[in-house]
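What follows is subunit A paired twice: with subunit B in the first complex and subunit C in the second.
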Partner chain A sequence: MTRPSRVVTRPPVSVVTALAILLAVAVAAAFAPWLVPDATGQDLMLGISGPGPGHPLGTDDLGRDVLELLVAGARTAVPGALCVAAGSMLIGNLVGLPAGYLGGWVDALAMRWADLMFSLPALLVAIVVAGVLGGGYGLAIAVLVVLFAPTDTRVVRGAVLEQRHRPYVEAAQLKNLSAWRIMTRHVWPNIAPVALANAFLNFAYALVSLASLSFLGLGVPAGSPDWGRTLSDNRTQLLANPWAVIAPGLAIIATAAALNIVGDWLYERVDRRGRTR
Partner chain B sequence: MTGRSWGVFLLRRLAGTAVVVALLSIGVFGLLYLAPGSVQQTLLGTRPATPETIAAIQARYHLNDPLPVQYLSWLGGVLRGDLGTSIRTGMPVADMLGQRLPLTLALTGYGTLLAVLAGIPLGVAGALRRGRAADRLVVTAGVVGLSAPPFAVGLLLLVVFAAGLGWFPVYGVGEGFADQVLHLTLPAVALAVGAVGMLVRFSRAALIRELDQDYVVFARARGLGAPAVLGYALRNSLVPILTAAGLIVTGMLAGTVLVEVTFALPGLGSLLVDSVTFKDVPVVQALALLLTLLIAAVNLLVDVGYSAADPRVRIGGRPS
Partner chain C sequence: MGEREARSSGRTGVDASGAQGVGPAGAQGAGRAGAGIAVEGLTVRQPATGRTLLSGVTFEVAPGESVAIVGESGSGKSLTVRAMLGLLPRGLEAAGTVRIAGERVDDDPRARARQRGGVVSLLMQDPFTLLNPLRRVGRQIADGLPRGADAKAEVPRLLAEVGLPADVAGRYPFQLSGGMRQRVGLAAALAGGPSVLVADEPTTALDATTQREVLALVRRVQRERHMAFVLITHDLRLAFSTCDRVMVMYAGRLMEAGGAAAVRREQLHPYTRALLAAEPPADRRLAVIPAVAGSVPAHDAVADRCAFADRCALAVAECRDGVPELRAVRHAPGPSADVSAVRGESGPSAGVPAVRHEPGVPAVRDVRLSACLRATELPAPPAPEPGVAPALPVTADPVLRVRELRRTFAGARRPALDGVSLTVAPGEVVGVVGESGSGKTTLARCVAGLERPDAGTILLGGADCSDYGRMGRDAVRQARRTAQMIFQDPYSTLNPARTVGAALGEALWADGRPAAPDDVARLLESVGLGRDMAGMRPAGLSGGERQRVAIARAVAGEPRLLICDEPVSALDVSVQAQILGLLAELRERLSMAMLFITHDLAVVRQIADRIYVLESGRCVETGPAEQVLDAPTHPYTRALLASVPDGSSGWLA
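Now for the complex of A and B:
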């Protein structure tokens, strides 16, 4: 399927800034073990201290360096959120493609399921289920995948509905290709960009949700260098070293905002209907 | 649209909501079986496992009956207002909810007020200066607000306005009306930030769509003043903004949990976290059920409100 070529425009300043933030987070996440090999190392003799030589952002009450914790936190934040975004995109494609292409009862069933899930607040369900089961981080990721999948399903289904009656699909049907082959080999490449843009937005939601769970003590285990967890551990130290709160707080906000800005920007390029949520 | 089809539409929506609530109530009941260990252990909590306490729990929860019977007797109790007893405090769950409800209502009410007062004017300002620097600033600020989790915003607010500038108290709920408002201001702002982001996005998009319509061009051509034209366009853009209300309410409910924990406020949200951490399943069930009903009611209201404003929805199902 060819589309009319677009005028290539430079991305706006906000998108460039967002990409720079994401690059920094990606580098921190990928190389944290080499950049800050001893991020969780404690120095109980030092204890909490403000910014000073050797510790640009000071230390927390266990004497851990705030800057090192910040870098190591990226490695905790990114993989979990990536799993949620990828997992829900996979389910969304597997359900959304047949729902949009085949229609009928498959579509009806998939959409009722999506409606039901869609009415649930993902974070609250994750708090209740992960908390009562006591399953920790892995379970929280699984719950979020199930609850995020309906948005992917709807987005994929909507995109498939737009493609279904295009001539190239009808041509493939006339060649008597199987429905599975048409869906995966012909339709899917045309809707993949939309699914990918949506995955970016899910990535942002997942990052914030997992950080929230960790903040509430329901995510990563105690002592992990996680942004949400560090915020929760250090909130009683507002006065002694405010940077122990400011640094992880800004890291979460900046990363999530950058993902949303890039996701929105991608969405505008691949889907003329624009973002639906 | 005749009165009869209105009634049919309302009945169908009501039935749909009832089905959803019924399905979810089974899930809420099932929480008891999700908890690790036997149901009896979960319900005993830290109490000693004497024959009397075990017998009392088995009689109260009908543990020897088949599951559907257990579910129905639990549901019957809930419908009569009997939400069980907290494992953690030994108090009736309904009393605990009653004690903490006012604070959560005040917090979400205050937060919603702030969000509407800030979000819609910002969205309108962005739409009117579409594409210019002010608009880009509003849009970017909206995305940042939408992305920022309430607990991070709350702690940053505490660092700046409570610990740094000393304008607001750090913790506590205060006494007397003015003092309570002062204590709830930072939490309400932290709660409102996400909703402001959503309202900016929806109101800006809706108003831009309306300003492109023929009737706006015609009104301008007739020489109507800018405020009058904006009035027409705003009234029509309120309909799509209303559909965002459901998303905003669910966002607020999740947000209030985080905000109450951040500011150590004794509301329903912090009760949920405490109960979940303690595996106080009867309280968690009651809160989950309350949330389910609240969200179902809001979604129903949004659907009905939307269809009252836009008759096409009643014929074609959902707005596209």
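Now for the complex of A and C:
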């Protein structure tokens, strides 16, 4: 039966909203030092307070303006999470693609590695690493990349297995193309959407996970403006000024959701290949 | 049909049982007053895009009568019955009146709900997915029984009616063959005691021999129960053999309607003629299968003209001036009509005045309807030229020699290939026929090196290619240049991410012919495609165009052997004729040998010089195509031949 084809029109409201959010986050991240030069300035006399004049979202227990912290926090939160999402997806593709396509011992080796990683308690590993190597934002990112990579590897491998026996792949094999060429030129473009969608999800997880690591002393130092850090620092002040907790949480959720929406839309726009038929 | 209805019944899925829910009314026993189907002025639109997908469909089916709706993909045949049953996909809306069993249902969702599974039943296309794999068959049939019915008594009775033993009720779907599952689907569809049965391509997923059995069963049951029966099919001959009347649809419009025997004898619409001519005969080889160029247009693209005008050799200016109405053209000859008349012979010619079909009055049963302005003056179609298999020089050096090939898949009970030997001479087309499970595809994949045989040898151009894993780089490259392959499914044979030009350019490069920009264009033209297609992605191409690109990719390096694995079985007949013509042309131009795998004896007749018949991994018969198909010696070959629809009403007997 004839299925009505999708009609590509102007971006819907949701996408426009999402783009606006991402733009705002990007601007905040890029220009925070100029926008809010004094984000960490304390006002111990004021202390914690709810939203009011001069402080639209109130202040935290050190009297710091929550809105200013939020703007300044984008500068640490977003690039870190992006690095984690991109880094783990890079490893996931580099390992998952050959594992799924070549199979055999390559696959076995990659999957046992993934199993091993899954069997390690993530936070424990993080603490040990922190204890041995000392803390730091860069180290936190590296640890998360290593911890996220096995999941991505599995996702990529699964997607490759699905494509592996499609006639177009077999036709490429019959043309005697090298395995590398088939993997990169033929299989990868068709699994890229899956990898990309997974990277967006990872971004959201990474935002929160970086906060957890900060809490363990691995990530940004306590008190630094960072969405995750602010969220975990202020969680005890939920009753005094709920916005000190809700606002960074909302920032994380909104950024992650907006990335997902824009990602989906971009994919549909750029890639009108008709995934099924 | 109201908007509410179209939306409320937007689900396209069907209960696991294959029947539509439980009819609380439990209309046991047919033969109500005014039963049957009456559809008038049916139109289907997609409001979101403003497109109209089909319009002006009017027909009726009396109790005990069987009507086939025939058309290629895009003709609107499935949409018609889905709109009729209130099962349109989400986003589509229907208008027009539908009466089922005397009750007007198009504006009454509750009447529809009441009727589903009771008065009306639907038999689905794919027997492999219509049953819930986790439930026993008997319970799935019992789902469709009217409330209060005794399942213990009724289920065995229904199973017996569809020719299955009672103990099937206790089995799971995976324990049944495709034909048995479709029988179970029929039993489930009959459970509610329907007076209207609709079957949507019920046998396309089945083997030819099974198809014949299932259709014969459906027809017998339909007659015994005196049900109004609507069959959707793409196969005109199958429709002739199965149904009393035939309606031909094209681009969302009815083109022609009439008694099966009368339409078979003489087609009063050029499209019907083209459709019938494009179906290759199994009993003789044609020099060229008459194929109509182009493809089915969208309904809206031909809103101001005869839908077929742009592809019609007989079109005149008036054909493009307004939509010709479906009108009564000629009263069919009486019941004494010679059913076995030879196709192509003209019936009584012009002279009968064209009766204007009054809108609103349902078609009179013994009247021929045609939407062609020139229906009464169509010239007799030219008799197709018989073709002969080209004589081949005898050579001692075959391009392919397969000896005692064996392959057993892990976990399988019997081998897929059980000692198959065959040879293909240079330039020769060798057909390998058999049903699913006969091992024909495994054979093709072994030869192509996509599957490794357990034992036996494969010599490609004299070189041993039995195990590609142990061959050197140069040997593999040589083998790949010798043999190339085209696949069945046009939708997955091309990489959806790459443009046609990139795919062909790479094929030329891989075959050691570094592509000048013009080479891709030339390659496209060699398979009958335009140069501008190089920039397109597969999603923008039709099935036939994709298969042409796949063929171009395979022949880019001018291989000596082309392995064709069911290359036309997923295509519409008119496209199939085009592709077969292309393959024949390429074979001649490149003097290329072919290993042609197919289940379709009519297709293999048109292209193969020699035939091997496979059954359960063994070759049971081989010889020149004429000899095997005209004088088959093995019972399996005879059964295969008998299962090809010939269009006669005696075919299902």
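Note that the second predicted complex is superposed on the first by the 168 of 277 C-alpha atoms of A that agree within 3 Å, B and C clash if a C-alpha of one lies under 4 Å from a C-alpha of the other, contacts with A are read in each partner's own complex, and residues count from 1 in each chain.
Methods note: a contact is a pair of C-beta atoms (placed from the backbone, for glycine too) under 8 Å apart; a residue touches a chain by one contact, two chains touch by 3 or more.
What you are looking at is a predicted structure, and each value in this text was computed from that prediction instead of being measured.
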(message) After superposing on the shared chain, does subunit C or subunit B touch more subunit A residues?
(response) B
(message) According to the stated criteria, A:261 is in contact with first (subunit B), second (subunit C), both, or neither; which is it?
(response) first
(message) Touch test for A:170: subunit B only (first), subunit C only (second), both, or neither?
(response) second
(message) Is A:186 touching anything from subunit B or subunit C once the two structures are fitted on A? First, second, both or neither.
(response) second
(message) Is A:252 touching anything from subunit B or subunit C once the two structures are fitted on A? First, second, both or neither.
(response) first
(message) In the overlaid three-chain picture, which partner chain does A:119 touch, first (subunit B) or second (subunit C), both, or neither?
(response) first
(message) Going by the contact definition given at the top, which residues of subunit A touch subunit B in one complex and subunit C in the other?
(response) 274, 277
(message) Can you tell me which positions in subunit A touch subunit C when the two form their complex?
(response) 1-4, 7, 166-168, 170-177, 185-186, 189-190, 192, 271-275, 277
(request) Enumerate the contact residues on subunit C facing subunit A in the complex. (result) 46, 48-49, 51, 53, 73-74, 76, 78-79, 82, 89, 91-92, 448-450, 476-477, 480-481, 483-485, 487-489, 491-498, 506-507, 510-511, 537-539, 550, 553-554
(request) State the interface residues of subunit B toward subunit A in the complex, per the touch definition above. (result) 20, 23-24, 31, 34-36, 136, 140, 143-144, 146-149, 151-153, 155-156, 158-159, 162-164, 170, 205, 247, 250-251, 253-254, 257-258, 261-262, 272-273, 276-277, 279, 281, 284, 288, 291, 295-296, 299
(request) Write out the stretch or stretches of subunit A touching subunit B in their complex. (result) 12, 14, 116, 119-121, 123-124, 127-129, 131-134, 204, 208, 211-212, 215-218, 228, 231-232, 235, 238-239, 242, 245-246, 248-250, 252-253, 256-257, 259-261, 264, 274, 277
